Amino acid sequence: MKHFMNSGRILIAAVALGAIVLAAASCGTQEDKSIVVASTTSTQDSGLFDYLLPIIKQRTGITVKVIAQGSGQALDTGRRGDADVVFVHAKSEELKFLAEGESLKRYPVMYNDFVLLGPKSDPAGIAGMQDIGRALQIIKDKRASFISRGDRSGTHIAELKLWKDSGVDIATDNGPWYKSIGQGMGAALNTASAANAYVLSDRGTWIHFKNKGELQILVEGDKRMFNQYGVMLVNPDKHPNVKKALGQKFIDYLISPAGQQDIADYKVDGRPLFYPDANEAGQ
Amino acid sequence: MPENNSALHLVLTGDPALFAIVRLSLIVSLSATLIAALIGVPLGALIALTRFRGREPVIVMLNALMGLPPVVAGLSVYLMLSRSGPLGSWGLLFTPPAMVIAQTVLVTPIIAALARQTIEDLWVEYREELAAMGVGPFRRVRTLIWDARFSLLTALLAGFGRAAAEVGAIIIVGGNILGFTRTMTTTIALETSKGNLPLAIGLGIVLMLIVILISALAWGARRASERFSG
Amino acid sequence: MSTPARASDLPIRLSDVEILAGGVTILDGISITFSAGAPTILIGPNGSGKTTLLRAAMGLIRPARGRITWDGCEVSPPTRRAIMFQRPVMLRRSAAANIGYALAAAGAPRAERPKRVAELLSLVGLDAYAGRPARQLSGGEQQRLSLARALARDPAVLFLDEPTASLDPAATKTIEDIVRAISARGIKVVMATHDLGEAKRLAGEIVLLHRGRVIESGPAPGFFAAPATGEAKKFIAGELLV
């Protein structure tokens, strides 16, 4: 019996070791031609990467590993050196990133726009308005339920800017009607759908979202709801582990005519979710 | 994984993406549980059988760590493995081994605390007989662990259940990368955030069935073993 | 006084031994010697200290005061002693495995163990239960198994704490026959019992304990025919309870 017990222990140890080796091996071989891209939940939840990554692999041979976080979080990941490339939509934060020397160059890639969603019943009565600032003000005045990302994401930062532009100091002028959930776009949409509340979303994620409930687009088209995406290579001088060549190759693809066309070709129900604009000035 | 199909459809047609996800979930959680057992059972036995200063606070601490929040475990491991952290040069962040590490951190206290209680209870029972048989410390530990093996197996299952069910730790250290670090629970979280609730629920049921299956297998192994020894 | 392979632990000498438990004095300055020869039977009412005396002589309890020596040594590993507890604890294994474990713990060579396990099972009449989980045996069967475990150690001294307390007459006879047989083989038996008839049948020497002290001791025939002390007389008459 002593015999069996010893061999039982050895067996367990062997299985454990084997499992770890397996787990390690299942990612080891890809290390050669792979990069880590820190991007946003909206690009993930819109399905863009599911569509784009196989194409990128085909065209460049690069295996792209996407970590989806809020824009603010993604940039922090870049600051820690845990990603090779950052691909977000929060221009003010991206410029800060550049100023800190965390990257050497920012490339605009594509844009879409934000839309203000709300329940069919529209308690604030803002459907069809053209002025987003005015609409937000009415929501605040009427204390209509509003869901905020609250997570330093590109969408959250854009939302805060829109409140500011509408003359509302949302930091002090909020109340139980303003619900900051600290989560991604999908979670925010789920919450808004369940609570029949207003929420600001990027169009891409909204088109792709499957739990729309009673929500509809109520305000769109205001120039201030423009949502620009930019990509940056994390500075290899600051973080020697960054895969400089592969990262740059990925960026070069995104802004190349082929890449831009691939982005434009991504459609849901016949509608494109993103509009390429790498070659337009001032993005 | 096609999003417009139900989870059942994916299972029946043997969707490769689904199977890859299930495989990764099992590998990560089973590895973590086994490593946690290799650490936790001897640790629990050590605490159960030795008298040392501060023993009671250690036991209280160990019991409390059973409730370690997964996000806290995940965050701690993330900070260790990040490139700007102490173990960054290992390059383990956003890989399955990182997920195994995070889950091991979660599961080890569970197994150690339960093992400690089990072995201590058995020791109280066996103490005099073993002393009368002149059994020394090494043989004593082996005897207690062997005779308590079924209760220890239950402790392992508790640990495995915790690992298989959690998402907070592995999503932070793994990054939920498609094709690399996406598991059942992180996929459920992702599909939920895409609003794909039926698929999320369906995957949840698949996950539960797998866990039930493993629990049943363990029970079967125990019954078979009981019949041979007692 | 080297430790390995001692011939025997006898005589076992307790000098002025005091043992307390939870503030209560169990053994109150006892002095007694167990020497080679016929069985020594301990008798006395409940709480008189019989069990504690056996445990102390086995080496499981250290006295608060006084000395215990085994063949003159104050420290002696229990290699050649064995004890059978009043309420034995079965290991969570089969009956045969329990005996096998005792053999392994005692250092018996691996090749010999199966044979010895079979012998010992046979000796206590448990052959039919070899593969049965020991915890599923009845109280009496567990007691017999416990005796087999003790004998597996090939002891020179065997302590028995009320070995037939929960046995039917047939099993009681089996145990008593075994005790007689091993005593005849030269093993020193020290046994506690409630049963005066059994004491008469098996002793040797009788030792009467009461409240942690030796009241009277001597060869059995003399003790029962002409008890010297008042307590002894009362005990034999069944009137000494506490």
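All chains are identified by letter, namely A, B and C, in their written order; residue positions are counted from 1 within each chain.
Criterion: a residue touches a chain if its C-beta (ideal position, glycine included) is under 8 Å from a C-beta of that chain, and two chains touch if they have at least 3 such contacts.
Keep in mind the model is a prediction, meaning the values are calculated, not measured.
Comparing per-chain C-alpha centres with the mean over every protein C-alpha atom, the closest match is chain B. This structure's chain pair with the greatest number of C-beta contacts is A-B. Summarising the inter-chain layout, the chain whose CA centre lies farthest from the centre of chain C is A. In whole angstrom, the spacing between the mean C-alpha positions of chain A and chain C is 78. Centre-to-centre spacing of chain A and chain B amounts to 31 Å, using the average Cα coordinate of each chain.
Between the Cα centres of chain B and chain C there is a gap of 47 Å. Multi-chain contact residues, meaning those touching two or more other chains, occur in chain A at positions 1-2. The multi-chain contact residues of chain B, meaning those touching 2 or more other chains, do not exist; every residue touches at most one other chain. Among the residues of chain C, those touching two or more other chains are numbered 97, 101.
The touching residues of chain B, when paired with chain A in their complex, are 3, 24, 27-28, 30-31, 34-35, 37-38, 82-85, 88, 91, 93-97, 99-100, 142, 146, 175-178, 180-181, 190, 192-197.
Within the complex formed with chain C, the residues of chain B that make contact are 125-126, 128-129, 131-135, 139, 143, 147-148, 226, 229-230.
Residues of chain C that touch chain B in their complex: 58, 60, 77-79, 82-83, 85, 88-89, 91-94, 97, 101-102, 105-106, 132-136, 149-150, 153. Contacts from chain A toward chain B in the complex involve residues 1-2, 5, 12-13, 15-16, 19-20, 22-24, 26-27, 30, 36, 41, 44-45, 47, 49-50, 53, 65-68, 80-82, 183-187, 189-190, 193, 208-212, 239, 241.
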